[in-house]
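Letters are used for the chains, namely A, B, C and D, taken in the order the chains are written, and counting of residues starts over at 1 for each.
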Amino acid sequence: MKTAKTFQPSRRLILKAGAAGMLASAMPSFVGAQGAPIRIGFQLHRTGIGASYGRWYERTAQAALKLINEGGGINGRPVEILFEDDATDPKRGSEVVEKLTVQAGCDVVMGTLFSHVVIGSAPRAGELKVPYLVCSEGYHVASGMLNRWTMQPGITDVRSQISAMAPWVGANLGKKVTMIFPDFAFGHDHRDFFTKAMAAQGGEVIAQIAIPPTETSFTRYFPQIPADTEVLYHVMVGPAVLTFVKELGEFYGSGAKPQIFGFIDSLEAVDTATPGLEFLEGTHFWEGHNRVTPADAGEHEAAYRAAVGVDDMGASVSDAKDVSTYSHMFSTWETLFAIKAGMEAAGYTGPADRQKFVEAMEAMADLPYGMERPQGAKRFNGKTHQVFGTQNISQVQGGKLIRVHQTSMEDGAYEDAVDYTAMAF
Amino acid sequence: MTAARIWALHLALIAALFAAQYLLPPYHVTNLARIMVLAVFAMGYNLAFGYTGLLSLGHALFFAAGMYGGGLLSYHLGWTALPALIAGLAAGGMMAGAVGLLALRTTGVSFMIVTLMFAQAGYLTILYFGPTTGGDEGLNLPAAGRSLLGFSLSADGPRYLVALGLFSTALLCCLGIARSRLGRIMVAMRENEERSRMLGYNPFTVKLIALVLSGLFSGLAGAAYGVLFGYVGASFATIQYSILPMLYVLLGGAGTVIGPFLGALLMFYLIDFASGLTSAYLFFVGAALVTLVLFAPKGILGTIRERWLGWLP
Amino acid sequence: MSFGPFLLLALMEGMVTAAVLALSAAGLSLVFGVMRVVNVAHGEFYMLGAVIAWFVTTMIPGSPAVAFVAALVIAPLLVGALAAAADGLILKRLNYDPEATIVATIGLLYMIQQAVLSLYGPNANPVAAPFEWRIQLPWFGYSGYKLFVVAAAATLLLAVWALMTRTKAGLVMRATQIDRTTARAFGINVDRVYMGTFALGAGLAALAAVLIVPIQQAHYLMGGDPLLLSFIVVIIGGLGSLRGTLLAALIIGLSDGVISMFFSPTLAKILATLLVAMVLVFRPQGLFGARA
Amino acid sequence: MAALIEARGLTLHFGGLRAVDGVDFDLRAGEIHALIGPNGAGKTTLVGLLSGRRRPDQGTIRFAGEDITRLPAHARVRLGIAYTFQITSIFPRLTVFDNVALAVQMQNHAPLKESVHAALERVGLSGFDRQIAGTLAYGHQRLLEVAMGLALGPRVLILDEPTQGLAAGEIEGFKALVQSLVPVASILLIEHNMDVVMDLATRITVLNFGKVLATGTPAAIRADKAVQEAYLGA
């Protein structure tokens, strides 16, 4: 579960973006493809605490859709996306799956970021026997908690991310770690998997500070950080992330401080040059997809940024202060291209082929780097319905996030916990 | 005469809802199943608020007590739907009884706040016991937990019938209560507590009974929502789910038997319809509420009863 | 960190929490005390104040202090005007009926939230403090602005107290509070008093938000927390008692800070919540309200 | 005759004011006992103590030999002490039928409809049963209040200024009604209308400044010098 904050949209820009979005959804693009369109439903955090992610998810998905339609659509048919707000609420999420599938007749439904919405919606998708492709980063798909119709082909889950990074943290930053995380499932995944991974490295988590989810002020928790902490590991979500990071800076002030390693979720959509964040200079972050274009970026990076409308700093091209949710939003792009690949492999013609589509997805394995996967090459595990990719560790240098390490796909591997292919449809 | 008319109306509603599953498109059938379960919740809220005058902001706690009371037993111990529903019913009633014993020492705005705070503590407790409850993410119930007397509730037909069965039972119970001596005492407590006391009724006892009844309905609805739709989660314990039944009741008409259903139905479709038209749908929901309260302050059925149909229960 | 500095920090944080509570509760105490209506949209007036502060500070270039002072003036005026309109167009027509008012203000809450979401966006945006000043203690650093918030809260409460007890407007409001009918018989225009009180309460919420937003962020959902906490503070303090409101804010703020030293944070929240509920159960008139 | 209600040393203070100050009071079975005294003498406070709406600071109350001092008001109603309010207190938004039914159904076994209609008939409100109580004329609301008291089937009926606001014709009917209640029930009557008091009461207690000034038959009270000074003469 996650949220993020803080960029500075201009009002004019938002109105423009809104108008463009309405036009786009009202008039599906028919460029370069013929026949009845393939309809993809999209559960979107348009309101509620996930709204700041939803905006960028919509924008990225629109960009990918345009590209797909320009390239001839799927199986020669045009593609359209129907966005529907889930209010970042599991009950409404489930209703939206219903609406998109039954009323709007969508072929597949794309799921969203917050894991409680995904978990609340998955049962209905399974009952309706509609493929449900989620972009939530949670460990709930690969853990076997959901069903055969739910897949996560666009983003690595949090367990894999953590397993891949922990060795680097232990080897480069320190062995005694204090963790600060939100006191709910997403934070508990971090707590459990990181603690285990550190122990495997001969390191130790010496304190775990769980922050209640209703908290809006954090300073009082910081004294619980033991003095012999070598690395402070932080991950925070929700509208208060910027407050959290600022208060951490105030707390350490100009005094001595440990190495700091954060999940970018603590700072997603936040400008690293925001006043009050100077203390982050020299600290490290995990990034799913590097916000600042790395010097050795792949050949498709520039085209992807141009298509979504993001500059080399990860901000909107029309407003440098409007920082994107860059580390997560690629997942909607890659999921759309995964749908295209799956449908083409299955020879998908309509809802009757939904099962064939799932089977075709399950048969996928190596997914090479390309315009379809701007974040990097991936490997899809058909049994666990989860994709695995590479992770990045960046350091704040001169107020910018500069990549200093990239993990390999193997670093994030773990044993399968489920074989969905053995389950009935 | 009146009695016959009243029973005819309510049985006709049930018959119409039975027929609806064959007449309506599938999308609306599933929506109706959801609405009927939510209406049971709202009817429970109506017993406390509409009839007895207890303005609670903590009913999410009773709904969640039922949802988890049934859901956890089916998730961890493999209970099937029927015992889970009964467990949820009992959990809702017991939670309401416990809250009532304390909260009913207060009245008015203090009662609102105390119930709200108990519900907030309940929500945090669900998060605190995350390994058992699934925390904020929640749990998907296993297939066994969703089978009732051999029928799988994940299939649309049985689900609709179970929802209809629960709704009809609740509706008729509610009608029975409203027309009973107890119902009259509950209303008396709302209308003039001091006079009721001087007629020999202990306000505390009457309110506690009303709250426990309300908790039973809410708990049953919570358990049913979990069992019928397969998901149990902490979001159902948030304040939003305390406000929802209040809105349903006020929209449909507080202190009317069918009002909660009508309110749930309208509210559901108001959101569903408006969100299809515009991304700013909450604005229209808000405007609709303000308009309604300005021009039909007693809710839809409350206004109809006042103007035209005085016999409506 | 050793216990002494730990406690010091907990107390300082508790003071700040108390100040934030007292600030956001002052307006509600007034509306609730004088008009006896439950304004569910109170938190949204607070949120609007913070968002307007962001717009104002973004538009006015140059020194953050100048922009901040401008926000301190503009936000309460705009929000107060909006509240006056809401009172005249909606609440007055409902005759302040308690149930109808709750529904109407829930409707208002949705409308304000959606309007802000559409026009301002879903993000939490920082508002620069009027000055940058950090205190470096031997054990930890601390934001000087937070201490300023404590002082501002004290000043504001003092001003409200003076308004209520030392001015004619205050006298009129207190008279209306005690008996609406009698006040009317004495020639007080109760409608205008209500509108003024409602606007003043909303303006105070906005003013509080401008003061607080530099240590939090402006976000369209930020109104929920102050609403709940303000209600709790106002009721624990005793209806319409500013002194009680202040003391309740101090008690809740400090106990919240100190309880969280001894229990796991979520458990601490549960205990603190139940504690406040129990206070209400066994002292329903509030800690400092007169027995009915 | 044995005392049905036996109060000894009842005292209740409001701040510095002794509203009821060491009152001994007996209500005998079958009597109509009027409680009179100037405004502020403590009449309503005293019946408040007897009915359980208030708790005394000191003193004891026995009902049919049983100590009921600490019994809450609703429990006393169940024992048979009914109270009708000084300021009309009915359920204005409910029908007349429901108002009375609420009283009737206190004794769970009673057949509802018949008993309600019987009670309404006794106070002369037959035919009003479907009307919303709040829309009744004021005098009728007073009668409804009495009907509710009657319908409880009480052993003691406390009537707090029942004739206030009644027209002259209505008062005559009311007097006949009260007389018809004894000796099945005993009546404690607070009344300002001296004609009503003198016609109805078998005994009278005079309160002044929270204390009992005198108790006795109407004739004795009329003759009492202290009473004449404090009250009748005034």
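Everything that follows uses one rule, which is that a residue touches a chain if its C-beta (ideal position, glycine included) is under 8 Å from a C-beta of that chain, and two chains touch if they have at least 3 such contacts.
All of these numbers come straight from a predicted model, not from anything done at the bench.
Colleague: Starting from the defined contact criterion, work out which chains touch chain B and chain C both, please.
Modeller: In this structure, the chains that contact chain C and also chain B are A.
Colleague: Can you list every chain that touches chain B and also touches chain D?
Modeller: none
Colleague: Going by the touch criterion at the top, tell me which pair is linked by more C-beta contacts: A-C or A-B.
Modeller: Answer to which pair has more contacts is A-C.
Colleague: Sort the other chains by how far their Cα centres are from that of chain D and give me the top one.
Modeller: For chain D, the chain whose C-alpha mean is farthest off is A.
Colleague: Where the centre of all protein Cα atoms falls, which chain's Cα centre is nearest to that point?
Modeller: B
Colleague: So the centre of each chain is just the mean of its C-alpha atoms; given that, what is the distance between chain A and chain D in Å?
Modeller: 75
Colleague: What whole-number Å value describes the gap between the mean CA coordinates of chain A and chain B?
Modeller: Here chain A and chain B have centroids separated by 36 Å.
Colleague: Averaging over Cα atoms per chain, report the distance between chain C and chain D in Å.
Modeller: Distance between chain centres: 50 Å.
Colleague: On chain A, where are the residues touching two or more other chains?
Modeller: In chain A, 18, 47, 183, 212-214 touch at least two other chains.
Colleague: Considering chain C alone, which of its residues make contact with at least two other chains?
Modeller: 114, 117-118, 266, 269
Colleague: Name the touching chain pairs, please: which are they?
Modeller: A-B, A-C, B-C, B-D
Colleague: Could you list, by residue number, the parts of chain A that touch chain C in their complex?
Modeller: By the definition above, chain A touches chain C via 5-9, 11, 14-15, 18, 47-49, 51-52, 54-55, 183, 209-217, 219-223, 225, 227, 239-243, 246-247, 250-255, 269, 274-276.
Colleague: Within their complex, state which residues of chain A touch chain B.
Modeller: 1, 18, 21-22, 46-47, 84-85, 89-91, 94-95, 98-99, 102-103, 115-116, 119-120, 122-124, 126-127, 138, 140, 145-147, 183-186, 188, 212-214
Colleague: Looking at the complex, which residues from chain C come into contact with chain B?
Modeller: So the residues of chain C in touch with chain B come to 32, 38, 90, 93-94, 97-100, 102-104, 106-115, 117-118, 224, 228, 231-232, 235, 266-267, 269-270, 273-274, 276-278, 280-282, 284.
Colleague: Given the complex with chain A, which residues does chain C contribute to the contact?
Modeller: My answer: residues 1, 5-6, 9-10, 13-14, 16-17, 58, 114, 117-126, 128, 132, 134, 136, 140-143, 215-217, 219-222, 225, 257, 260-261, 264-266, 268-269.
Colleague: Could you list, by residue number, the parts of chain B that touch chain D in their complex?
Modeller: 181, 184-185, 187-188, 191-192, 194-203
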